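Okay, structure first, notes after.
Chain naming follows the written order as A, B, C, D and E, and within any one chain the residues start at number 1.
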């Protein structure tokens, strides 16, 4: 059993309940044990940072400080210094606080001074903050995930949507690339899905702009949905509650705003993992999305998997060869095949 | 050579007494001492009073072997006395040469030392009684020696003719030195220049160590007990064991490394070296195979007590003779 | 250890009186901002997904910072349009911490009440109030309060969405509160004090 | 013996005297340092003037001075001056010490009392030190007149030809099958638009046929021993599987070889070659090499088509790698550069978006002898682009990749714009941060390209994407950037994107540098001895660097450096012997315990372990005098001349001298 | 001069980079704290820990070691060797009760005159904060005023040792 500390984040309890449910459903199949940080508080999202620097970082650091109390082995369970955050914004905030408290010691000192008022302390660098998909791809490994698949998602045309806050700014160099990371693609491929190359995979969903400047947000959502549609995707798959919320809940508003008629459901990758692992849609929170995925999923529910068409043989006058596939380069993780 | 035998003395100041045992360990060679010398003062071996020595003519003792460092005023008094009475004064053993283990007390202020000795868990002292330098007893006033702030090697107190390091000096070296002095007495040899270190080789322990050596690149320092078993034929330092051999004066026949243990440096620095610890710092730093500060620090964590490692025997002889606190202490 | 050179020294600022707007922003930013390193290449403005709605591109804003155009910078909507997607941050050839500078500018604009449109600052404040009251965010309360205040006419249009969220159980009607709210309060109060004095 | 020391304090006009009370310093030295042997202390307006020097010479002769301390400027400026003066007066030059009281005192401090006191401390340090100085003699070694040039690009070719033409022998080693380097891949050269092959090929032929040049292609240096004047170099001549004596270069083997391989090197991955091949038609030497990895015979044991058809029986499948030893006096490294891997800037889509090309790919595309016969077409091999975007600074001037300017990209971008415009009539955009067109006739070329109608957008491109947002973007590559002059974000749809990729050090530059005993900068380029005044020499005597091995540069600069290094080599050869600085380390064998701690410390391989005697030994000719081993020897068995323990310890004591108050005050 | 403590600092510089940086600071007339007295070595790799100990025991309050940036050593990589010694030396000094901050390692290239000046000034300030090293130079090997071991409680007062002050 591999133990991790879990920082769920506020959305996981409300708008992204489905994410939480599906995550909990698949953990067992992968031999993972997540222990929730006790009495965690909101990470402040992107709002708090824009108002007060030290309170913002103190707010975040309280969670880190609480987490260190649960690091050590208890009752035969192994110890861990890894905190898992399934929400990209939470992940970034936690990682960022840890990073900056280190990069600028004066900030670290002040934050600790504030924490001391609540009897807490956090030493930058103590914890390893990681996102859920990082754990799944790099700790659990695609091999193990592939083994757990009982119902391959063959024929399901998906675009992987990583969002922006996960691969960037990437203080710890965890991702294969800042622009086109392949972790989600590889994972979905391991589930048997038909993964479409999605150049906008790390573009922004609009974040809080749905609240404060909806026009700006609608344009960003339009770009994402329109390109997914143009590429023939039946579904978008995401790793972030905010992305899911914006693309799903505001798709209709966006359609109204632009006079378009897109219907691209967006699910969490954990929901698809659950389906592939043979779990019931009900256990995975499927059905609570506003843009329904029912029709799309019906397509793979019972049907015989479609065999892949063999690639056409290369013609003589096909043109010039493409450069070789991406290779490992400095400071980044090697692409998982 | 006159029929009067030259006079010999030996004294034991702040030290453990191992040096005296080492002299006895020369076995029948000890008889040569008796045959060639008139032993006039050797508290551990025969009865003699300080006043007897005080009564001697200056320079009347030919050879004095002085072991132990100078820790109290009695040590200092006798050191000066024996200097005055002796032609040849030898700082005998690591304590007299460099301060040795008793010298590690220089890392603590003397008050703390006394406190530790008399009023911590090791001593049952409910009334918190501490020693005094003078007592009034029915017979009169009694004096006991008073501690000085730090321990000093002999040559920090008096002029020393020769140094003979080792904790203790190896018996074969003692025998060789005795032979040399006897040869000088018989006109068969001449004394080395004043200030020389005697009873040692002219290189370091590695010179006498039979273990095979290569270019060293250490990724991890380990304690010897954590390597099981260590390669018996390969340089210990190369195996990551912090062996002091490279910086330690030769002369002991590399006893410890030969026996499978690392050299801990009792023979002190090679000749001409002013600071033993500095030589060892640079030796260990040189074999570390890392460039990043974090990585280097990780490797250095394998030497848990660097100060003790570098200065186990030579702290009082170093330019930085003691812990700063020992100097500043109130 | 050779330690990090003080930011001020690197910026060539050795005396207090050299404090410029650029420096002030730099010092108020969480990490090492590297603002003084900007070469005006435009990578940030080119990368920004929301640039078309901004008064000035981030690059332009940095040029204005350098020129000491305090009011123009703080009144700009740029920092409020920033969606924190970090595209500019990872692409910036000079490794300027652009997103964090945007946070700093927001904070400064709020403190000096130099913003044209109060929507964004209000939203942030509402959010922060919720967090300071409950320790967790409360989406329902936040969204409804915010829309009611700033886009009352849009609210009807948004209703189906909101209702959908509620009926699907994706919006809690009541806020959740953490247990040790008093502890969090103490921390935040002390942090605010520190913020004032630093 | 007691030394007689003279102390000379320079006013340097008012440079020193304006801040330091020089008279007091001199008086103080005479009075307070007398016990150390100071017999005379003078101050003088300009110590380095001929009159100042004569003053010292006169004192040496008349007072019999045995040591001299000059308190003046930095030793980097005038140490040599005063050493020569001492030598003229019959004193060993190494018995002179300079105390820097200008750069270290008067120019950096303002308080006169403090500056004067510090000057005294500095003088005290120098006096203490100079007492411990030992007379030293320069070491002279003979120079072997042969030269090794590593790398057969234009810089290496130029170097080899200059030396060979002067009548001395050169070994020219090239790792690829042919010399020519990157320049052989280009079509046109800026700013004159000369045909690259037309100007390069004659030089290649000249180098290939020169009686004084031994050309070793398909070869690599594997070991370097020795020192300036006397290098012993081991060269691995890789098996060609073609007998050079018998081969006539007819090309039948290439024609018959059934195995087609993508040519990553010469064609930049854009074209094909055979398993047995010469990289291009004008290759020098003209005989082919066999690529063992791709040869069907080596893979499967059958085929041998080349052997069957070779008219001179030159194919030899049994050929082995050979190791050659050559003795040379000087070495010129012209190892060139690697192109930055544009895949790393993933937002530009190279490797993912077919119609994004690198600069080197475009060079081949535009080359009349290239895979498309000089037709500029998209990756489909036939469509001519109607619009082209050229992106500057790809991987350069970017802390995420290389933090330096690659120098050639601006001009290269302009050249590409011209070629695209000339051959396709397409609309061309140049996206740049700063246009850098320094040097003769370069800016004029910029003007010309402007006149031709090329569009310039000032902004570092943010991304190249195929995700269309608007209908006019469908099927195009969209270049998204901020037009920084307009202050607006723009999306410009084009058919083709050319990335002006930067240059970077050879992937193995570090190891090569280590082998030759020279260092690399943090960026990885070989470090020159002095960036301005000695740009082709290195810290290791007898090793020179030219062309892009030293840093990004264009063809004219590479050629100039090749010539410059040759002049330096010829100078060395004609001197017949070379004097080495006598700052060296030596091992006292009696004291050495053979612990071997020093063995791993010398980057110049100057320390050898003599197993029979169980001691280490330092080769004085290889020793560069850094003193690391001296500081490291745990037995204190290594001593260093010029910077001995005694000298430095004495200087520490001297610098810490107290009582620096004015005398007679 | 004011009454504030003026530390004495010995600086070891590499001939190729930091010594030239000091020259450059001079040529550019950059002002920095006058407390540092420099010793030129051919390379930071020449720095023997003995030099540092000698300087500290001989009256210096701090020691600044400067060398070429990692990867830029004129002798290829000897500055890394200096780094290793420095890190170990600091640990030993800590054990000897000397604040490890009294010894500082600075990388400065020949072009970094400004950095050299700034680092020097900063170091002087740091040492000023730490105060004098107060290292006893016991010429006769003896503390100035040894006191009796007390009567019934700890009465040992090795009085604080004063630094030798110029007359």
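In the analysis below, contacts are C-beta pairs under 8 Å (C-beta built on N, C-alpha and C of every residue); 3 or more make two chains touch, one makes a residue touch a chain.
In this text the structure is predicted, and so the values were computed from the model without any measurement.
Trainee: What's the fewest number of moves from chain D to chain E, given that each move must go to a chain touching the current one?
Mentor: Contact-graph shortest path, chain D to chain E, evaluates to 1.
Trainee: Please give the intersection of the contact partners of chain C with those of chain E.
Mentor: D
Trainee: State the pair of chains with the top count of C-beta pairs in contact.
Mentor: Top-ranked chain pair by contacting C-beta pairs: A-C.
Trainee: Taking each chain's centre as the mean of its CA atoms, how far is chain B from chain D in angstrom?
Mentor: The separation of the two C-alpha centroids amounts to 54 Å.
Trainee: Taking each chain's centre as the mean of its CA atoms, how far is chain C from chain D in angstrom?
Mentor: 46
Trainee: At what distance in angstrom does the C-alpha mean of chain C lie from that of chain B?
Mentor: 67
Trainee: For chain B and chain E, let me know how many angstrom lie between their CA-based centres, rounded off.
Mentor: Between these chains, centre-to-centre, one finds 30 Å.
Trainee: Residues of chain A that contact two or more other chains, please.
Mentor: Counting only residues that touch two or more other chains, chain A contributes 178-179, 223.
Trainee: For chain D, write out the residues touching at least two other chains, lowest number first.
Mentor: Touching at least two other chains: 347, 463, 601, 631-632, 649.
Trainee: Residue numbers in chain B touching 2 or more other chains?
Mentor: Residue numbers touching two or more other chains: 274, 279, 282, 285-286, 293.
Trainee: In their complex, what parts of chain E are in touch with chain B?
Mentor: Touching chain B: residues 48-50, 52-54, 56-58, 70, 77, 80-81, 83-85, 87-89, 91-92, 94-98, 133-136, 138, 141-143, 146, 148-161 of chain E.
Trainee: Which residues, counting only chain C, touch chain D once they are in their complex?
Mentor: Within the complex, chain C contacts chain D at residues 39-48, 51-52, 56-57, 59-60, 87, 90-91, 93-95.
Trainee: Name, in rising order, each residue of chain B that touches chain E in their complex.
Mentor: Its residues touching chain E are 107, 109-111, 114-115, 128-133, 146-150, 152, 156-157, 274-275, 277-279, 281-282, 284-286, 288, 290-291, 293, 296-297, 300, 303, 305-308, 310-311, 318-330.
Trainee: Give every residue of chain D touching chain E within the complex, in rising order.
Mentor: Listed in rising order, the residues are 74-76, 100, 102-105, 107-111, 113-115, 118, 121-122, 125, 513-514, 517-522, 527, 539, 583, 601, 603-604, 624-628, 630-632, 640, 642-643, 645, 648-649, 651-653, 655-656, 658-661.
Trainee: Enumerate the contact residues on chain A facing chain D in the complex.
Mentor: 177-180, 197, 199-200, 223, 226-227, 230, 317-327, 329
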